[in-house]
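Each chain carries a letter (A, B, C and D) given by its place in the written order, and its residues are counted from 1.
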Amino acid sequence: MSVRDVLSPFAAWKHLFRDPVSIKDPFNREASERYRGFHQNDIEKCIGCGTCEAICQNGAIDMLPVSGVDGVQTRPGDSGLRPRIDYGRCCWCALCVDVCMTGSLSMSNAYKWVEADPDKFRYIPGVDKKHWDDYEHGYRRPEGHRLNAPERIEMPELEPGERIDSFAEIVGGYSVEQARLEADRCVTCGICVATCPTHMPIPEYISAVRDGDYEAGLKLLYDSNPFSQICGKICTRRCETTCAASHEGDPIAIRWLKRHITEQVPFERYRAIIGEPAAATGHSVAIVGAGPAGMTTAFDLARLGHKVHVYEAQSHAGGMTRYGIPEYRLPFDTIQREIDLIVSMGVEMHYNTRIGADISMAQLQQDHDAVVLSIGLWLGRSTRVPGSDHRNVYKAVDLLRRIRDGEQLQAPKSMVVIGGGNVAMDIARSMARLQQQQHGQIAITLTALEDKSHFLADPVEIKESIEEQVTILDSRGPQECMVDDQDNLLGLRTWRVHSIFDENGRFAPSYDDGDEMVHEGEWVVEAIGQMSDVAILGDELTEKLDWNRGRIQVDEDGRTSESWLWSAGDMVRGPDVVHAVADGHRTARSIHAHLSALDKQENA
Amino acid sequence: MMQSLYDRLKDRFNLGEFTGRRADLAFVTVSREQLRPLLLHLRDLEGFTHLVLLTAVDWIEDDTFQLTYLLNDRARARDIGVRLMLPRDDTQMDSIHDLWPTAATYQRELREMFGIDFPDSPRVNEDFILEGWVDIPPYRREFDTLRFARETYPERPGRETHDPATYMKQQLYPDGEDNG
Amino acid sequence: MNEQSTPPAEGHRSGRDRLAASTTVAEILETAITFEQTARDFYRQLTPKVSKRIRWLVEELAEEEQRHYELFSDLLERDDLDEQIEAVIDRPAADTRFSDCIHLPDLGEKPDDQTVLQYAMGREHAAMEQYRELAESTAAGPIRDLFRYLAAEETLHKAELEKLYYETIHSGGV
Amino acid sequence: MAEYPDRSQYPAHLPDGSCDIDLSSGKYLKLWQGPNHPGITGNMSVELTVCGDEVVEGRTHVGYLHRGFEKLMERRTFIQCFPIVCRICVPEPDFNEYCYAAAVEELAGVEVPEKANWIRTLILEMGRVNSYLMYLGGQAGAFGQGVIGQWTTYARDLMLDRFEELTGARIYHMFILPGGVRDDLPEGFDQRMEETLREIESTLADVHDTMFRNAVFKKRAMGLGRVDPAWVDEYGVTGPVARAAGVAKDVRSDQPYLVYRELDLEPVIAHESDAYARADVRRRDLLMSVDLIRQVLARMPRKGPVMATLPNVLHWKIPRGETYVRGECSRGEYGYYLVTDGSGYPRRVNVRGPSYTHAMALLEKLIVNVNISDVAGLLVSLHTYPPEIER
């Protein structure tokens, strides 16, 4: 202790004339650029997946319907819900912003808000307008800061060089570890379920993969889709187009995870997991066509105890999955296992039985309590351009059927395919394999009316076709199949197409005859539209039935104007396996209700 | 470093499972009889003079409490966690307040939060954090904080939420069917 | 391009001379109305012949011709005819070359949907060409405007048919 | 000079060390300091038994802030725990974020990018500066010097501005999370930080003149609450309290974490081991933090990621294991003992805050024989934050 200790504190007096250090206008101080203030939500970008709600450890977020506000509505890919935040609970941690699947949610740097009514502090950002909605600054998820893995686990596949000379299956399937990593990426929002035509419980079966509980997963699959093994390989996976993860990353490989479950459970266990059919009801149902729609109907009805007879013109069941999809995408044994499982429920199959020739519709009507028509789209359309009646102009569906029926086709040295859909890719790739096997080289040109961005085929199919040396020319309109004096097919002449899609997304191609090309080909294969062979119904039934723009008119349950006849699958819904499955379920429910009503009438 | 320590002490104190975590951190399981001799040895002969913490883990599925005595040897920059497994139905343990006076505070908390008793520990029965608590010791796994909160505090009215998948089903395909 | 001897096309052929010779707007409209009427009756006669499955198509075509018939008839009734035509004449109705490339079929006894569509597009195209040529060879004035108007109407209909054709034949599955 | 009470009146010590206090004797008075009292740090209270104006026994009472964080974390996913841990210590929350993140990363096997470790170090030192500034104001205030608190609050506010621009928040930063840190340094941060550091140094110079060279402060702080170096191990004493007792205990140099190995630092020590020595150790430690911040900014890499790639945090499961991660906060050893069981939730989290030992057993030992008017000064000199006692 010294004199200095007494004098030194007087140093404080030096601040006597110092300017105040406090902020002059504390009421209008702007927070820092990345300040975490009140939320902003771009509600057009938001899909209402509720991942923000899921991660909020305070339970501050509720998902509320806001249909009608600023064009938000419940539709595939958008729940129509938007997050409401309770600022009595929010702790400003911004995990909701970090995890937001679309990047719609952010925080402004507004932090002052005075209100007498506490309930006001509970609002839906973007819907309940606030003055900070347009604030430029605030917390946005920084680049590279992700709380969920945005990239898909790559699927092991055969390389183009390994697969081009055989029909061996290309996709290898996930290992358990890969599948778990992929399943881990799913945020379990369930937005996809509405998009799946048959509404498979997608988040639940993905959770089963995550937990390694494959038997539970298989049960979930088969309760909603008896074509799960097949769909696990070739489903058009519309669900993945609405996957929340697709907005800022790759969608979850939902199809591959389904496939993974079916591969992890030994096939011998399937039957026990799916369970026994109910006791026989004494009712009998005839199904025409053993494709996905017909066989799904058969599966459902058989499980309910009804006697089901399936009439199939071909020697095998599976419909287009069996006769339309190449083996490298869908091996026979997968289809066979699926069919065996359905048949094991007590379904009786009548192969090589053609309606109209071997048995009539009238006969079916007489012998059964209900009849289902599910004959698919087996007739290929023709462009009918000049020369298209040449013997070497084929229809893709016919060729695919012949290949899958085991016929040894002699592949031409060169070939042109007309069409830009999956069938076009299927035939191009199948023929490429035959060319490689027989000639050691591939010469296939695929021409499509549409430009690349509007191709109807799955982008993966396009990519793999190119890998397999198929030359793809977009925006080409077929004009003529050129034939020389000796009646040999020379190839296809096309004009350039100016693709114009109108405001409704409808397409009216227009041609530019100044841009003409001739594509050399010993064969031309038309892979355009397909239609149903409804001629088998006969004139009388055709006249009786109501029709809707070329398709049999059915009510929402798939029932036609004839009370005993239902129709399902591609022929009423257009071509798609999983839609056909959904249709099969719907038809089976309707028939079951009808048969139950019959029982009640009898009892009464 | 930790492995060699374990190898030296293993037989002498009849040590159980050894878990090397880092070069400077390991955990080892010890029996109740050997706990005090081991702690004394570690403190007085191995340099582990600092009791970092004493706490419990409830392995309710194994009917066991794990007591963790974490000791630090500053000179050699290393830590050892001594695990002691205590049956959940016999929750009495010997106090170590005479080895580290500060242990009394930890033991008092353990009695209150886990219901693990240390009979000789000073003031062990005095309330520590929870005055007037009548429920089961709250850090035991079977104490459900969410249920407690729901029963104790009223929910603020006006809350409702919707599961996206369920809501979409109601809106788009209420009968389980899609007509699109 | 359609020089074949199917009935409505023939009607157009002879009608063309009649149209070229017409001197008043009313005369032209009356001739055009007759064309639409002929086409409508053709489709109506065709309806029972085709399969019930595609009857909708023929019915729609008949309805569309009927709509044109009514449209032109209404126009004829109006006092402000010239103004009306002027008002719509600038409507852009770009011709697209798609149906031009469709080989015009022989309808035969039981035509299918593709045949009918091809035929209908051919008919719309022929009519469109005809009105357009007439417009080009007519001096500026209300008569040329009327031809352009009629050409625009036919072009619009043709475009609708082209979309339907694409959906049915190229991308669709029915 | 007030007359001291008759020492013969002091209670006898019982064999177990506690006092035999007979309140009905009329010699003693029970006096509660806190939970609401200007001379208490945060929400705790000390139950004093006084004889005259001297304390004969003190009992720490906590529980006013108990939110059961450790238990709450057992029902939150690993990522959901991240926003709540900072709330265990208001003035220096970042140690919770760091220790929790590091424990999770260790058990989950997540490799943190290099730059994130530098930014973490920066933040922890910034937090230490703030914590010390708050302490200095409190310590001076406990002895009646109000102006110091105003100055240090101003300086701390400048540092909060830096926190705000870096982390997006002033108090609960929620910036260090498992995997790294949220974001990179903002544009122009170095320069603004340098300005802030200069202002803090200038404030500290004034504080030194008016507080440390102040006869009143010296008279009251010197000799108050002397900690015997032998108690360091017995009572689990760490941080400035231990260093003021001559024990150079500092996790940053004892067991360097983050990037401390690459920084120049020397534990700040003193030997008097009283309230004054502890205040001085903290003042000098604060200056070292200022220096460390400068070192970090000068040496840290400026390129590269600040966040590791995490699995989807909504389903993040961590294999069974246990670990302990510690750091040197402004008050001593801060640590997280994390036990995982293979699920998506922590099995057990135990937060070891330095106040747990300092404000309980050590305070109760030191408080005996202290004059009532010095209780606040003593308590503050241990620099205790109650929420880390009761978590």
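Heads up, the rule we're going with is that contacts are C-beta pairs under 8 Å (C-beta built on N, C-alpha and C of every residue); 3 or more make two chains touch, one makes a residue touch a chain.
Computed from a predicted structure; not experimentally measured.
Any chain that touches chain A and also touches chain B is listed here: D.
Taking the mean of each chain's C-alpha atoms, the chain closest to the overall C-alpha centroid is A. Among the other chains, C has the CA centre that is most remote from the centre of chain B.
Once the centre of each chain is set as its mean CA position, chain B and chain D turn out to be 23 Å apart. Inter-chain spacing, taken between the CA centroids of chain A and chain C, is 41 Å.
Separating the centre of chain C from that of chain D, both taken as means of CA atoms, is a distance of 89 Å.
If you average the Cα atoms of chain A and of chain D, the two centres end up 56 Å apart. Looking at chain A, no residue sits in touch with two or more other chains.
Across the assembly, chain C contributes no residue in contact with two or more other chains. Those residues of chain D in touch with two or more other chains do not exist in this structure. Taken as a contact graph, the chains fit none of the simple arrangements: neither line, ring, star nor complete graph. Contacting chain pairs in the structure are A-B, A-C, A-D, B-D. Within the complex formed with chain D, the residues of chain A that make contact are 1, 4-6, 8-9, 11-12, 15, 21, 31-36, 51, 54-55, 57-58, 91-95, 98-99, 139, 142, 144-149, 181, 184-188, 210. By the touch criterion stated above, chain A contacts chain B in their complex at residues 48-50, 53, 61-65, 67, 74-76, 79-81, 86, 88, 119, 122, 189-191, 193-194, 197, 199, 203, 556, 582, 586, 589. Residues 156, 158-169, 171-173, 176-179 of chain B touch chain A in their complex. Chain A meets chain C in the complex at residues 377, 381-386, 419, 421, 449, 456, 477, 479, 495, 500, 502, 506-513, 528-532, 534, 542-543, 545, 547-551, 570, 574-575. Listing the residues of chain D that touch chain B in their complex gives 16-18, 62-63, 66, 68, 70-72, 74-75, 106, 233-236, 238, 249, 254-255, 321-324, 326, 333, 335, 337, 339, 347-348, 350, 352, 356-357, 360-362, 390.
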